[in-house]
Each structure stands twice: as structure tokens, then as C-alpha cells.
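Okay, so here's the structure we're looking at.
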């Protein structure tokens, strides 16, 4: 019972944050609401037993990525987004398409997964087991992603470095 | 124990912890002023109470009754939210920090810790990383160039040093094989070679990691020599330039609470937590570890103040260079070495 | 039976020569080119001789299987070669005469540009011709058939800088296409009804059919279609028109391709498929009629021509007509016999004519010649032999073969015989006319200074730096040809003198060896279907005939010889004794003469009937109608449409991130819907 | 006990919100955040499925998603900064020249 209540509460928080992300005009508000979403998602993970995932969610997403966002927003001093006349396509096709797609998916999910339910912490993702999996079954993907991250870092440096501050490199 | 007792006990522990912590914060401020004063050949606070011991109380009252003015042109919601976030993050992390062994009151056996989760350390890291928001938002929302620069510096600095901080902890984690702080502390019980305490800083050969952690912690808490975000000489008071009264007090509290937290973590991870000479009747046996633990934290705080009293301030580029080009590689190297050691021991 | 006969070497050797000369010859010196060409064609000849030496020990027909070419269900075509008496004779003729003409060409073409090109083409021709002869099935034969057509096209247009030569080549090619079309259809019919193109299988399945039995109609159709093909290749009415123009090519080419070998391919093909023809009397009759008409027709034209080579060309046509008469009356062996002798003396005639032309520096008009007898004795004497041979004067080669044909023709119907006889008279007449005009009387030409209007001169510029001419005085006055050219003349002369003796008919106390040699082939069919009416003419092909005694045959022989002599005398009268007479006669004949001079306006007729309508039709329908209004239009409109469509679609590519997102979302929705639909059904 | 489908529905809602944000937001940073939102929704479904099938690999996937998201954030924000330098705007409707 408490389980369901907690789930509903944080689920509602999630949705509220997501919706707030949409309605807020100012990117920093959107960012913060996204942080809220992530935090409450971490709680959901905890409910599902994925404690390590939850922790990493907080540390990486809320603590690093979103901080990066906020940082950039501050750096560029992004103000209210002006309501320019965008493309009609996005509204004419995108929104209906999104609705149709999500409705279909939702229907299928309900159809297929049925009423199977999980207890709190159904599948304990303890750090030890996760680590074991990560370094045995998923070693190659792990290494590949590490390389990916390395490349991403270099790319970020190249892109963000000031054009006149670097000699010879193409302006990005 | 039943759910109700659990809730009651938790509540009691929380209140207790909060009270102690806030008091500690207040008296850390007093201590700092005193020590720095003596270092600079002055007395520090002396008027209020003996040795100015009631000074923190007076300060609190002052903060409470000061006019809480909000400058115009600030982005209000965040301007108000920022200090709250900061102080909340600072106080939350205390929840997973164990301060001592189990104590037995009547029938129930209570750990001297608000809650013992097996990913405690991760939670601490996460919460501290969330602490950045307070600073950043404060700097940004108060819509003044000094604040903005302060906030930018603060957030950049925190993100940068968080990495080496986390990496410096990994060595210990590998030695222990657990995220639970209690397990980590238990793993450091006893001695080797007969007399040397089995602390990670000695036994695990983690002293490099320890110093990395120390420096990163200074940066994390925006303390001298890394207090660029609130460098008075450059940008009036950094991210909390525009703050006053209780809001400013919150930042203040947050900073000192963070100091205490990192000190606690350092002593838990590297200096064997509460292990120490235990003797006497059961009640004393229960409380002595707490004493040892508090002693260690006190030592750390003293070092903080000592450093503040002696070291000059870094330049910003030096700060970044130091973090990325020195501490980070060092932490990684330490990590590799530790991994080898662990592998060889196994 | 020696399996390792390596027949394939025979065609492949010239091909190798062609390849070497064609691809590398540009850098070779003339000596090298000539050496290569002669080496390989000579090698082919030697190979044939070797095969001939082994022939007696062979069980004929000897089939040499090389590889499977096409296999479609039951239908199969192989690369395999078929050797029997017939193809052996053809091989000997082709390679032998071909080799001689190669030698001759070295001398003749020495001054020419594109020396290597010429020999490459010549070798290619040899290759295809030998393929044609050796083929063991109609399809392979058809390859050779087309190949020789190609080679002749290339060689006729050898001096492609001359417009007339180029157009002549095109004419030859196109007219041949008409014939090939018929040939192809015949092949299709064969495949359709007998499911095979192999000679043996086809003949096996044809053998049981008799004119009375069903399927005779089919055979008639096939025969007629084959005849169309033969008419195209062998220049019979109505498709002969290309051959006279083909004389635009170098004289050796005319000798080799358009007299000795290629044009006889039709005859070879008809007699090769005699089994079919024998069972289609109607087709045979048509063949005979076409043959007679052609013979007469061409001969009459030949009388009036003044271009030495054209005269020979028309005589070739009429001689081919003879061969077809022979085929038509079922005397295939006689046809082949005449084919062989004709190859000898007509080849010789052309070579000699070439030598004459060479002597007078490219002058081809007989009216500009005369009195060359003393100046070029070798040429004169060899040419004399050839003339007598073709005129059917005993004991020259032509006599025997022609007499044989006439005799057979008479046995079939006196009409054939009479026309053939008249043609024989005409033949000797125009041949002697040529002879007299060229070699007797006084020289009417201006060879000393006439250096223009000749292909030689065209070629001079690029051959100045060429190797020194083999004969001393270069292009001075009238001179005998170099030895390289004389030797083949002499050898061919010997052949055309003695060539006929292998087929001396019984009536002259001979024992027609040639016929007996060929006997097995032209008997085999008869044997298989056991003495039916069609076999009548063939039955007495072996030497002695029961019903008509030697007397009649001798009588007829006498008549034909007499006709030849009459022609001689007449020619002597008109062109030696009283050269003014012909003009008067021509004036007297008036319109008829005009018509004959203009070859009965056949070319003009064809031009109006086929060429102009074709061009007009192509211009109107194919060019403007289809090409411009359909193909081009479709392309243009396609481009136009693409342009417009992309103009409209271009706006999707707005560069606006959110519109892209909209498209992506819509597409995703579609995909999801599809997947759900697939999943739920 | 909470039915798995609830988690899935929640993740679906989050994803849909992300898509909507991508569609209606003008500020490039907000759009970027919408992407992150989508990723989070997917992560939730991953974890939920992991719980349903008792397969930890689902949680492993979440890590990879996070790593990729981090890399993406780094590069993407760098790109945003570069764009802002040249265009002086963060509005995607004004950055549609398809060239720098």
C-alpha cells in the first residue's frame, strides 16, 4: 500500500515536473523542473530495487548533466524564449503523430504486460552485482562507451574552444 | 522493531542530529573566528559570554531580526529557492553518516546513525553534487554581475573537483568492497604490525587519496585557498553578494555544514571512523567512539581554519589547471595502483 | 578416327594473327606485319593440309566437340566443328586461295596506309570464314556468316576516306542484313520444330519427311528462307546489288571475299543443308529459277560495263547464278565443283586485274587501257588462262564444272539449260571483250602522268616514310608487278588450268573423282530415305548414267564449247578487228543499251522502292515521331516533373529543427502503427 | 505491489512529454532538455522491464544510456555554445540556414 502511495506520489511529481518543463518559458525553470523529474525518477528506481541506478541517476544526471545545462544557461544568459512563428509542420503533423504513437504504445503496453505487478525492490540491483555484470558480460560495451566518452570530451573541447583562441583549427 | 517504534526512533535521531549539527555549525564559526584571531594576534570574539562563547547565539539572533530585503531585478522564485536548496543539501547528507557503534536502549538496538543504507557514500556524493544548484542559482537569480561570476566560478569549480573527489574515494571503496559507510568503518578496525591502526590511510596506502580528497574537499566547500566564488577582493562576496539576513545565514550554515560533512566522510573513510581506545562501563563504551569520531572531525575543522589562516588564494586558471591537470591524473594513478594492490592481495 | 585432330586450330590461327596485327601492328614495320599475317594464314593452310592428309583415315563426318555454348532445356548448342568431304573442300579452297591472296596482298598493298589494319581484317575474315565452314551447327555457322559479313564490310570500306567506299560498305552490310534476316527466321523455325540446330540431328529428324508427307510445307518455308539468306550472301537476285559496289574495296579483297570465298558461302550453306532442300522441291525450283535469272541478268550487265573490276563483279554474280542452278537441279556436287574452279579462276582474274590496275597506276576503266600485252607479260598470260577457263574452253578448269552444271540443268529442264548456255556465250563474250580491250590494240591511257583518282595516291602521303617499294621503279610508267604478286598469279593460273581435271566426267573418259569424293555426303541423305522421287537427279551423280548415253552428253558439251568460241569470235570482231562497231551497235540499240549500261536501273528502283521510303519513314516516324516525341519527350518531361516535384518537396527541407521533429514524429507514429498492426494480427 | 504497467505508462508519459517539448519549444537548450526527458522515460521503462523479467541487464542498459547521454550533453552543449557565438541566438526558428 505504502509502496503504491509512494509510487503515485513521485510519479505525479515526475509528470508535474515534465509538464512544467513544457509550460515554463524560461530555460532555467525547465532545467530545474527536469532536475525534479530526475530526482523523483531516482525514487522510482529505488522502488524497483535499482538502488545503484538511482544513485547514479542522481549523481550523473541531476548532479552533472543538469548542472552542465544550468551552467550553460547561465553562461549564455539565456532569457525567456520568444514565441516565434515556428513551422506549422511541427503542430500539424508532430503533435498528432506524437499523440497517436503514444496512445498506441500505451495500449500495447497495457495489453501485453497485463496486470503483473512487482513488490518494492523486486530486483535488487546491488552495486556488487551490477559491477560484476558490467565487467564480465558487458565488458566490451563498457570499454566502447569509455572510448565514446573520451571522443565526446575532445569534441566538446574542440567545439567550445574560442575560435580566435586556437590557431589553425577550423572555426566550429 | 515495529514500524511505529522505527518512525519514533528515526524522528528522535533526526532531530538530535539536526540539533547537534546546527550547533556544531554555529560553534565552528566561533572556533574559526577565534583561531584565526589568535593566528593573527587578535582575540577574536570575546564580549558575548566567556570567551565569546555566546557569540554564535548573538549572531543567530542578529540574522533573525535583520531586515530581510530582496533587491529589485532579482528572479524571485530562484532567489528564494537557492539558499534553501543549499542548506537542504548540506543537511541531508548527514543522514547517512554513522557517528558510532550500536547502542542498546532497553530492548531495542539502535545504530548511532539516522539510516544505514548500503549505498550511503553514493548518496552523500549525490547530495553534495546537488549542492551546486544552490550556489549556481543564487549567483544567477540575483541578477548582478558579481553574483553571476561567483555562481559561474562556483559551479565550474564544484563540477571539476567533484570528479577528483569521487575518484579519490574509489580506492577506499575497492579496498572495502562496499558503499556502506558502516562497513567501511568496520573494515578499518584493529591494527597491523601490532601497533599501527588498520586505517585506510595507513593500511590501504590511501594517503595520496587522502590528500587528494582533502584538497578537493576544500574546493568543494569553496574554502581558502579555493574560495574563488566568494573572493572578497575580486567580486564583492560572490554568489551571495545580494543576500542578507536569514538567506545569507542559510548559505553560511550550508558552507559550514558541508565542511563538517566532508570532515566526517574523510575521517570515516581514511581515518578509521570512530575506532579508538574504548574502556569503562557500557555507557562509556557506547559513547567513547562518538568522542573519538568528533575529535577527528574537530581536527579536520582545525586544519581547515589553519589553512585559511595561512594560505593565499589561487588564481582562477590556476585553480582549474590544478584540478584538471594535477589532481585528476593523480587520482587516476592512485586508483590504478590501488587496483593492482587489491588484485595482488586477493 | 583420330580424336586429337585439333580442328579448332584452323580458325584460331588466323584469329591470333589478326589479334597480333590488330592490336600491336601499328608499331610493327610492314615486314613484320606481312610476316605475321602470312605466317598465321599459311599455318592455317598447313593445318588444313595436315587434316586432309589424315582425312582418309577418318570416319566422316568427324565432329570435334570443344565446349557447350548454350544449354536451354533440351535445346543445346555446342562449340563443335564438323569435318566431312564438303567442309574439307571448302577448307582447302578458303585457306589455299586465301593464303595465295595474302601473299599477293603484301605486294599489292605495300604502298598503302593502314597496312596492318588491312591484314588484321583479312585474318579476321579468314577466321570467320573457317568458322562458317567448320561449324557443326547452324548457329555457329551463323556466327561465321555474320563475321564474314563484318569483315567484308570493313574491307570494302577500307579506304573509308572515300565516300563511295564507305557507302559501298554500308550498302553491302545492309543488303546482307536482309538475307541474314531470312536465315535467322529459318533457324528459329528449325529450333521450333526440330529443337536443335546441329546438322546431324536436324537432318536426322528431317530425313523421314517426304514431299507428300506432312511437314513438307515447313521444309519448303525453311528452304526458301535459307535461300533468302544465301541470296543475300551470294549476291543473287534480288539482293545482288551490293556486290558490284563492293569493288570499291582493294582488289585482293574483291578477289578473296567477293569472288573466291565469302560469296560462295551461300552455295556452301545450301548444299550443306541439301537434305532439307531435297525434300522441298518447290524451294529447289525457286533456287534454280533465281540462279538462272541471276546468271543471265548479271551477264547482260557485264557486257556493257567498262570498269574492269565491275565486269568481273558481274561475272562473279552470274557464275554464282550457275552454282545456284546446279543446287536448284540437285547437282550439289557440281555446284561445289564449280565453286572450287570458280574460286581458282575468278580469284586469278581479280588478282590479274589488280595487277593490271597496279600497272597503270589505279586506272580501272578499260577504255583507258589496251596493248598491255607486251608490257606486263606475266599478268597477260595468267589472265589469258583465267579467261579461257571462265569462258569454258577445254581443257581449262571452268569447262568441266560449267559443262557439268549445264548437263545437269538439261536433265532437269531444257529451259535452265538454254539460258545457261546463252549465259555461257555471254560470259565468254564479255570476258574476251575485257581481254581484248585490256591487252590488245594500242594503249589509250595516260598512265605516265595519271596519278590522281586512285586510292594508291590517297594513301601515298602516309606511306612516304614506309619501307622501300619491293619493285624497282616505284610508280613510273606501266610496269610489271613485283614478284610477290606474280607468284600467286602463276600458282592460281596453274590451278585454274588443271583444277578441273579432278572432275573429268565419264563422257570424256574421265571418272568424275570429285563427285565420287563428295558422293557420301550427297548420297547419305538419299540412303537414309531410300530412293524417293527427289533423289532422281542425285542417283546418277556417280559417273555413268543409264538413260542418256554419252553421245548426248558429248553433244551438249560440244554445244557449250561452241557457244564459248562464238563469244570469243564476237569479242574479237567487235573489240579487236573493228573497235568502232560497238558504239554503232550501242547507238542502234538505243534505249535497251542505256538500260543495260545503267544496270536496268535496279539501284534506282531499289532506291525509290526501299531506301527513300525507309529514310523518309525513319525521319518522320522514328526520328520525329518516336525519338523526339516519345523518348526525348519522356526524358524531358521526367526531368521537368522531377524538378517540379522537388520544388514542392524542397519546402520540407526547411532547415527548421522543429519541422524536422514534426516529420520524425509523424513517421514514427506511422511505423509504430504498422508494427502494432503487424503484431496484433 | 505496483503493476509493471504503471511504470511503463509513466515512462510513456515522460517520453511523450519529451517529444512534445521537442516539438513546441523554441529555445534550443529546452529542446535539448526535452531529449534528456525522453531518455529518462526510456530508462524507466528499462528498469521496469528488468524488474519484470528479473534480468539485471535492463539496469545495465540504463548505465549505457546515461553514459551516452552525458557524452551527448557535453558535445551538444558545446555545439550550442558554438552556435550562440555565431548566431547570437538560441531560437531554433532563427537558426535554419542549414549552414554556419
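A few remarks follow.
As written, the chains take the letters A, B, C and D, and residue 1 is the first residue of each chain.
Definition applied: a contact is a pair of C-beta atoms (placed from the backbone, for glycine too) under 8 Å apart; a residue touches a chain by one contact, two chains touch by 3 or more.
Please read all numbers here as calculations on a predicted model, not as lab measurements.
Chain D has the C-alpha centroid lying closest to the overall centroid of all protein C-alpha atoms shown. Computed from the mean C-alpha positions, the centre of chain A lies at a distance of 5 Å from the centre of chain D. Taking each chain's centre as the average of its CA atoms, chain B and chain D sit 33 Å apart. Here the CA centre of chain A is 29 Å from the CA centre of chain B. Centres computed as Cα averages put chain A at a distance of 87 Å from chain C. Residues of chain D in contact with at least two other chains: 19, 23-26, 93.
Annotation for chain B: no residues touch 2 or more other chains. Residue positions of chain A touching 2 or more other chains: 52, 56, 64, 68, 73, 75, 86-87, 90-91, 94-95, 98, 101, 105. Of all possible chain pairings, those that touch are A-B, A-C, A-D, C-D. Residues 652, 654, 656, 658-659, 661-670, 672-673, 676, 679 of chain C are the ones touching chain A in the complex. Interface of chain A with chain B (complex): residues 28-29, 32, 35, 51-52, 55-56, 58-59, 62-64, 67-68, 70-71, 73-75, 77, 126-128. Taken together, the chain B residues at the contact with chain A in this complex read 77-78, 117-119, 122-123, 125-127, 129-130, 132-133, 136-137, 139-140, 148, 151-152, 155-156, 158-159, 162, 177, 179.
For chain D in complex with chain C, the residues that touch the partner chain are 19, 22-26, 28, 31, 92-93, 95-98.
By the touch rule above, chain C contacts chain D in their complex via residues 653-658, 661-662, 665.
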